[in-house]
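Below you'll find the structures, each written out as structure tokens.
The two complexes that follow have subunit A in common; it is paired with subunit B in the first and with subunit C in the second.
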Partner chain A sequence: MNIIGYITDIFKGVISLLKGMKVTGSYFFRPWTVVTQKYPENRKKLEMYERMKGEIVMPHNAKNEHKCTGCGICELNCPNGSIEIITFQLVSEDGKKKRAIDKHIYRIGMCTFCGLCVKTCPSKALSFAPNFEHAVFSRERLTKILNKEGSVLEKGVEG
Partner chain B sequence: MVEEIQKTIDTEEEYTINMGPQHPSTHGVLRFVVSLKGELVKNVQPHCGYIHRGIEKMCEKITYPQIIHLTDRMDYLSAHINNAAVCLTVENALEIEMPERVKYIRTIIEELSRIASHQLWWCAFGMDLGGLTCFFYGLRDREKILDIFEESTGGRLIQSYNCPGGLMNDIHPNFQQKVKDFIKYFRKVLPEYDQLLTGNVIFQERAKKVGYISKEEAINFGLTGPSGRGSGFACDVRKRAPYHMYGKVDFKEVLYTEGDTLARYKVRIDEMWESMKIIEQLIDNIPAGDYAVKMKPIIKLPEGEYFQRVESARGEFDVFIISDGNKNPYRIKFRSPNLVNLTAINAMSKDHKIADLVAISGSLDLVIPCMDR
Partner chain C sequence: MIFNIYDFTSFTQWIDNLLYSNLSPFWALIVEMTLIGLVFLLGYALVGLFLVYLERKVCALMQNRIGPNRVGPFGLFQTIADLIKLLLKELISIKHSDKLLFNIAPFIVIIASFLCIAAIPFAKGLHAMDFNIGVFYVMAVSSMGVVGILIAGWSSNNKYSLIGAMRSGAQIVSYELSVGLSLITMVVLAGSMQFSTIVEAQSDGWFIFKGHISSVIAFVIFMIASTAETNRGPFDLAEAESELTAGFHTEYSGIKFAFFFLAEYMNMFIVAAIAATVFWGGWMPLHIGGLEGFNNAMDFIPPFIWFFGKTFVIIFLMMWFKWTFPRLRIDQLLTLEWKYLLPINLINVLIMAFLVLMGWHF
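Moving on, here comes the complex of A and B:
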């Protein structure tokens, strides 16, 4: 009796192994089910989802204008201090003083991509960009200035 | 001399070895100090705290919307569920009723992340016990869920999709179709999991009657989630204290009474079927409406104590907030299911072989960052 049980156990075990190999074998003969991508080679064809939280950017229009008024709400809402805004007083032609941004500093090395700055910005000046290749050789390059050189506030955006 | 020492080690005295902090089967930095007698485990002493970041203390300095992104970093495999737990606590404290749409979407994404978490657990558990194929197959299917997450929420592993008052943004127009496609695909693929691993004779030998824990002991240790339900302890918070849409959908609480590693494995496989059932009931009827309630720019909770239980992928996740009326909490406490489940490992692994310790700690599905916080 023991010997018969021993032999049936062996056969049951072999059958269970064959069942598993049937699954892997069926994939072996179906090469179109392969989902692996060759990453650095397919860089040009890569399409990321538009909402992907890759990095924070400040969109500029064709006339080099942005929407940031320098109110500092994003700086206030950032949980780990990765945003810093440096403002100055802009005197317009009719003598009115107005706040404008000098530098919108964004430290991507400290950013946790919680999305609070993008969500709370009253003038929708910030947005996420689907760029994910952030490797750089020096730590200083992780500190970015989001407003472009010589850019001004877009007309119609209230400060 | 050497022979003498060898004799005392082998026969009378126990000797201790370190498993971890860098061990592939602990899936993180967890250290077990194991007392062995020969090959038999006599005592397991877990040492945690290697990635303690002080999240609870950090939460006392920041505002309620900012807490959300820190809870992502605790149990990263059920990040959305942790987010929802904090949001629910804040919303209940302010007595705000969420729109139906928010509840539907939160429930669907919670169930999707439960499936994704169990899939990753399945890959890792199979790999711990020597089946490398599982790892590829599980990750292949999990990728589809992560794509759905990425399209709607912007994040793959950690989404930060919830905020007090609703959701960060509305779901993507493709969301419903993609979820339906995934369910259709996964219903076809999930039986393959059984063929690959569940019926496998090597896996059965290593999982059956290993790490037994009785129902009484499971309750005493406070085991929750699939680990507790494998011992017959009906502890599903979705059934006991329904939140979101769980009171209105039809699903079964998976219970096994064997209490061994195989039972805990089967609970998770069956939970994936149940999660798919929940999603199918909700996905077609997402009501139109707002995706968030307008909240004040600075959220202040009224003075008092607030508590909320949710069922994360690993067990009961609780949030307890004491507020003194300010914009940041006076004290916040998270009850992590992982830390509580870990306490049972000594009782489970007594008099088993050291190789079984890997199977037992794998079957508890420990996520170390949630344990250390």
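Moving on, here comes the complex of A and C:
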């Protein structure tokens, strides 16, 4: 090791250390950069992030229509078996038989929020919602029915 | 007026005279030592608890968090709650461990840091023991802590503890050299090892300004080496959580663990206090030679505020290191000491001696 390399080594080292200290120091002297939320106190105005995987929901539009065709791909893909779909035969005006969902059952207590159901749904009927307050007093209430009462399939989803 | 916040000499003299006039010399000495011991014990606990709180708060802010904020205003009583928890916890005895050494180790560590405090001048006249070799005494006593750590590691009958303790031994033996040499650099400038003389010599400018280049290098080296000596991050190999669980205090629980914890924080305080005394003038206010008005204005702030202010600035600096830099490997640690700090330090002592000989310091 030559002497010039040795000395430049020291100075480079010191400069890189100072760079690191600048980062932490700048955070320390700017307390408003703190990202922690004081949760129970700010519950009313708490804003969660859009991408948060809080629970799985089935979005309905204003006419109480959803996009689920009852194909059962989400049920097949779910690794924990937390989705169960109950379908029935629907006869349309022109006499065609069609499948429609009766109940889309989602057991949040078994869900690991892996997102496979959302990812594989061919008609994009499922999505994540940022709600995270799931504590309930009985296990039965962890079983949810995602399609709303009296909802029907949106027109044009099924070819 | 006996009690004067600018000069405690008359106050301590008054207590001394009061005790010696009312008691026999033997009992007066005993009472005096007990009083000082009690004051130190109380200060030790309070400063230790506050430092733990401060560390958590500083660390949190550097990581964009809030830190303790539930117990008391701004979480101020969090560490007291922690202490109560530690006091109530079970002291687990380890099978096949060396019971005597296992129980003695935390006390050795804590006694070593206690002995150090005795030599630190907190304010004018507020000084438990003014040794004429104060700097030497502090260096000698502070290296006693490693004996406690080695004993703790050995007696625990645990591989993690033993490896942690051995690393700590290698580390402290190496970095002791740098601490000593950087302090010797300043002793060369001061011409004395007595803390009171060192502080008085800085009445017309702190040593870090007086010795310019050489002092600044010595200060930086002292900060690095003393951080390593107190086993704090980025040199906390002795307890490297990710690889050794907790190093030498893996097997300790309850109040014995608290002793190690407290000793670590007090060692940080002591090291910062020594750095403040030797480099930044201790309790001496900021004086610039020749500016009478400015000096008088600075004298208005009481000395103990100066002392604690400087000490806490240096403690903040050490926390800043800890929460910025990643932990070193053991070979990197030894390379840093033997290939970089030691040669620089030796040259720095020579430069300082040259500066003093030629009278090029202020």
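Here is the rule we use: the second predicted complex is superposed on the first by the 121 of 159 C-alpha atoms of A that agree within 3 Å, B and C clash if a C-alpha of one lies under 4 Å from a C-alpha of the other, contacts with A are read in each partner's own complex, and residues count from 1 in each chain.
The working rule: contacts are C-beta pairs under 8 Å (C-beta built on N, C-alpha and C of every residue); 3 or more make two chains touch, one makes a residue touch a chain.
From a predicted model like this one, the values you see are computed outputs, not experimental measurements.
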item: Which of subunit B and subunit C A:Val35 touches, first, second, both or neither; value: both
item: Which superposed partner A:Pro59 touches (first subunit B, second subunit C, both, neither); value: neither
item: Contacts of A:Gly25 with subunit B and subunit C, given as first, second, both or neither; value: second
item: First, second, both or neither for A:Phe128, with subunit B first and subunit C second; value: first
item: Partner contacting more residues of subunit A (subunit B vs subunit C); value: B
item: Touching partner for A:Gly109 - first (subunit B), second (subunit C), both, neither; value: neither
item: Residues on subunit A lying within both footprints (that of subunit B and that of subunit C); value: 17, 20, 23-24, 35
item: Subunit C - residues contacting subunit A, complex; value: 58, 61-66, 69, 320-321, 323-325, 340, 344
item: Touch list for subunit A against partner subunit C, complex; value: 10, 17, 20-21, 23-25, 27-28, 31, 33-36, 38
item: Subunit B residues within the subunit A interface of the complex; value: 62, 65-66, 68-70, 73, 133, 140, 143, 147, 150-155, 158, 160, 163, 168-169, 172, 192, 195-197, 199-202, 204, 297
item: In the complex with subunit B, residue positions of subunit A that touch it; value: 12-13, 16-17, 19-20, 22-24, 35, 49, 51-53, 77, 79, 112-116, 119-120, 128
